[in-house]
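Take a look at the structure below.
Note that the chains take the letters A, B and C in the order they are written out, and that residue 1 is the start of every chain.
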Amino acid sequence: MAAITLDRTTTEPAETKPWRRALGRLVKRRGAMVGLFVVLFFIAVAILAPLISPYDPVATNWGLVRKPPSAAHWFGTDEIGRDVLARVSWGARASLLAGVVSVCISLACGVPIGLVSGYVGGFLDGLLMRITDAMLACPFLILAIALAAFLGPNLTNAMIAIGISAMPAFIRLTRAQVLNAKVEDYVEAARAVGNPHLRIVLRHILPNIVAPIMVQATLAIAAAIIAEASLSFLGLGQQPPAPSWGSMLNTAKNFLSQAPWMAVWPGLAIFCVVLAFNLLGDGLRDALDPRHRA
Amino acid sequence: MRGYRTLILAGAIAAWTGAAAAETTLHIGLAEDPDILDPTLARTFVGRIVFAGFCDKLFDIAPDLKLVPQLATEYKWSPDNKALTLTLRQGVKFQDGTPFNAEAAKFSLDRHLTMKGSNRKNEISAVAKVEVVDDHTIKLDLSEPFAPLIAQLTDRAGMMVSPKAAKELGDKFGTHPVCAGPYKFAERVAQDHITLERFADYWDKANVHLDKVEYRIIPDSTVRLANLRSGQLDLIERVAATDVAGIKQDKSLKLASIVSLAYQGITINVNNGPLSKNPLGQDARVRKALELSIDRDAINQVVFNGEFLPGNQWVSPENPYYAKSVPIPKRDIAKAKELLKEAGQPNPSFTLMLPVGPENEQVSQVIQSMAKEAGFDIKLQATEFARSLDLSEQGQMQAFDIGWSGRTDPDGNIYALISCKGTLNDGHYCNETVDKELNLARTTSDPAERLKHYTAVAEQLAKDDPIIYLYHRKWIYAFSPKVTGFVPVPDGLIRVKGVSFK
Amino acid sequence: MLAYLLRRLALIVPTLFFVSVIIFGLQQLLPGDPALAMAGEERDPQVIAFIRHKYHLDQPLPVRYGLWVAGVLHGDLGESIRINRPVLDLILEKLPVTAELAGLAMCFALLIGIPAGVLSAVKNGTVWDYGANVFALWGLSTPNFWLGFLMILLFSVQLGLLPASGFVSPFEDLRQNLGAMIMPAFVLGNAIAAVMMRHTRSAMLQVMSTDYIRTARAKGLVERIVVLKHGLRNALVPVVTLGALEFGQLLSGAVLTEQVFTIPGFGKLIVDAVFNRDYAVVQGVVLFTATAYIVLNLLADIAYFLVNPRLRA
């Protein structure tokens, strides 16, 4: 088996590129397509928020405090008379950003550490694994809360806190994949030819372990969005007056009985986005690893 | 664990004794978990609510803020205001049977004054010596006249603890406090509940009607209310102002409220480090413009459904020490803009720090959008409470939306917060007139005289605006109709003595 | 086997060391002076100095770490600055509460997750499979604090059926206890149920395709017996061991669930402690949960090792 790279072409139809085959399988999975559609929808909402949202998300209106959904305010208004629909659409920015950026942080730190740990092995591996174990042993959310409190409450810091807390999972996964790949013939071959280590890792191992990491990353985005909402809910995320779904829920909990709509919409938005990422991640996993689905 | 064991035991005993007479337990929903239950070391407001159930004080206050006798029956100032003689109530016992007398009172006051880590020391630091005159009379010698002393004795500094228990438990006294209140401490499970039981030998036992009082800690106001509705609680404190309208319509609930001694305001950094060097910190006209851009009534209406009381001084407009010559200014955007123009700062910008929490966030966002109309550009910086206090003290803030839980004596709401050397004066405001008048108000116990001094202070502060006072919260309680005899008092404490079930 | 066990045990020590370093470091780096946070709104400088001295906050970081570790090795986790009680006492007081919540949540998770997983595997590809997968996705995608709100809104505020909070000890009144715990346990168990369903499903699919199931079927056994007796029994082992690994997830979830339903357990203890800068409590609770997590992991590994002879090689 040779290293899989995107530029490699083959003329034989029987041996189509694995990536294309995976894509074909992905497209056939209805759940994944629904997920992809919903994700794209929310991305569009986030980007187009200034254009599509009917009101300014921070514009207050003293005369319209906690009004139930109506023709003018489809999702109702909040505790200081802001339009909930506008805030939910702007809030998509914070949530999606938090999901993507924190997973990027996890990837950027976790994958290299996992690569080094798995490839180098020995004492360094042992040391890195013990630290990873230690991080995994502290419950994820507690680690994130402590980190976010340490860095100070705002969206950027919440993303860093989530990214760091979610990192050990990526270290573990990458390392396990590297250990598997290391003993494959093509790596042995590359080594025998005298390739430098860095080249072996980046050109021969990394491309072969991208698929499971991608799957994990998609699912991690879903978890990160919930984590951001949780931190904002505890007051450690997005700060007022900028909207985020978690902080909207944090405020809404004080008005559960008088203004339940304040709690319903942001929660529903979180649910939909997270569900979509989960669907997409599941679909990706099934498509990339046919063995998984018996 | 221990709680579980006691409960098993209690259950076993109850089963053994058979059908005991129905116990009456008052379930009170508290908004926070108290800290250590030692009157000398205690720090939190919510702790005081629980103390009110089991720890009597030398004096108490009535709803109209008048002093009423409790463990002391009379007091007398010496002509030079430097000695206070207290007559103690006779026939009083602590909950462990130890008699309450002049020695015990001296012990408690000395403990407040000398114990390591005492939070009371500052409150009564004017007391140089406590003398036992006879078995039921003590005399407090002061180093200088200090009129607020008597008010301090209506709070934790006036709480009397059993010398025997305090000596035995030392700094662990708070784990099993013994006082002379109507109910005695029985059990505490941190973050969950505190249980008190009727004290059979209480000096005023005719007014103790219940077998037990249980304080349950439920931080969320919606949940507290839901539990009151479902009958799990009989009385809840700090009802959200926005819930009041709903409760009024509910025939199965009763409501009581009273304006508190607390204030909420914006403390401005006028001279504490480099962050004070901005138009808001340096120019009183800019601060006045900010004040004029704020509509206090609208804040009250929008955030608190009109339940709180707008204010512009450290005491509420209903307080006898409110300076009537300095009324609440009406919102005046034109005037605000004019002042900003005069100051050469048509669009001043500053960062307003606020402790994380929905209420502060709402108020700050309302202020942000109000001030915008006058040209202000306010950035909000919500900060965790612990961190915000730290930053504030270090001068790492330009303006801070912060409250003060309030003291009975007006001095307690202003002296430490605004006098030049005040320990809580984070904005480092300093004005000679203010200091002089505040000190004079401490030397006299004549209310009319003191009001004159406080009026002078209020007039000066209205010119300088180092703190823009916004509103005074109300203590709002909701309770089941079967609860009778509950009377709210401005200090916000729940006096369970006299409360009974219909 | 013994060598493997010993090696695993030996690895616990450095892991716990790093746990202690991480949690201690993080704690001490938290901005905001705990003494100031504790001193209350009066912020009396003398009181602050006293608290700093009493809890060694005036010492350099390595010294504080040394003092703390020395205490821990002697079974002393320190004292809560806020209520002056030993941390160990607090942990023992909260442990039964969170254990009950976690236990009930696990019951929900198993009661829902395993049957759903079996159903989905046995009826692979049918509408049942589809339904079970939708359920799993729902469980994984619902923020549990939001689900908590919705349940409070429906069952407490609207219908008035269940209390919104108010933990009652099961020894005091079991009915009230369960009444108060049913919603939080469901909210917490919901997400775990989804994970359990997925584990069960894949384990069952694997088991059902093995030879002995084919043999059992060939013998003419009723399908129900084949599925339950031969299939599920063999699939349960990996499911239960994997379930043990959900412990961390359970604790993370408990943090928010306890916050929403005001349950006085570990989660509330630690969140309040983080916000109050009650260092010793945060350190003690995290150390305790981390140790529990590592031990559970070890047990799960050993169990897996025992039932999976192939791994012994």
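The definition used in the following text is that a contact is a pair of C-beta atoms (placed from the backbone, for glycine too) under 8 Å apart; a residue touches a chain by one contact, two chains touch by 3 or more.
All figures in this text were calculated on a predicted structure; none of them were measured in a lab.
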Q. Looking at A-C and A-B, which pair shares more C-beta contacts?
A. A-C
Q) Using CA atom means as chain centres, which chain is nearest the centre of all the protein shown? A) C
Q. For subunit B and subunit C, what's the span in angstrom between their mean Cα positions?
A. 38
Q) Can you give the whole-Å distance between the Cα centres of subunit A and subunit C? A) 22
Q: Measure off the straight-line distance from the CA centroid of subunit A to the CA centroid of subunit B, and report it in whole Å.
A: 46
Q. Multi-chain contacts in subunit C: which residues touch at least two other chains?
A. 31, 152, 157, 260, 275
Q.
Can you pull out the residues of subunit A that are in contact with at least two other chains?
A. 149, 152, 253, 256-257
Q) Listing for subunit B: what residues touch at least two other chains? A) 220, 222, 226, 384, 387
Q) What part of subunit B is in contact with subunit C in the complex they form? A) 1-4, 7-8, 11, 33-36, 38, 41, 43-44, 116-119, 121-122, 171-172, 174-175, 189-192, 216-220, 222-223, 226-227, 229-230, 232-233, 384-387, 389-390, 393, 404-405, 416, 423-424
Q: Would you mind writing out the residues of subunit B in touch with subunit A in their complex?
A: 220-222, 225-226, 240, 242-243, 246, 298, 301-303, 356-358, 361-362, 364-366, 368-369, 380-384, 387
Q: Give every residue of subunit A touching subunit C within the complex, in rising order.
A: 31, 130-131, 133-143, 145-147, 149-150, 152, 222, 226, 229-230, 233-234, 249, 252-253, 256-257, 260, 263-264, 267, 270-271, 274-275, 278-279, 282, 292, 294
Q: Within their complex, state which residues of subunit C touch subunit A.
A: 11, 14-19, 21-23, 26-27, 29-31, 124, 133, 137-138, 140-143, 145-146, 149-150, 152-153, 157, 202, 205-206, 209, 248-249, 251-253, 255-256, 259-260, 270-271, 274-275, 282, 286, 289-291, 293-294
(Q) For a test of understanding, state which residues of subunit C touch subunit B in their complex under the given definition. (A) 31-34, 36-47, 50-51, 54, 80, 82-85, 89-90, 92-96, 152, 156-157, 160, 163-167, 169, 171-172, 260-262, 264, 268-269, 272, 275-277
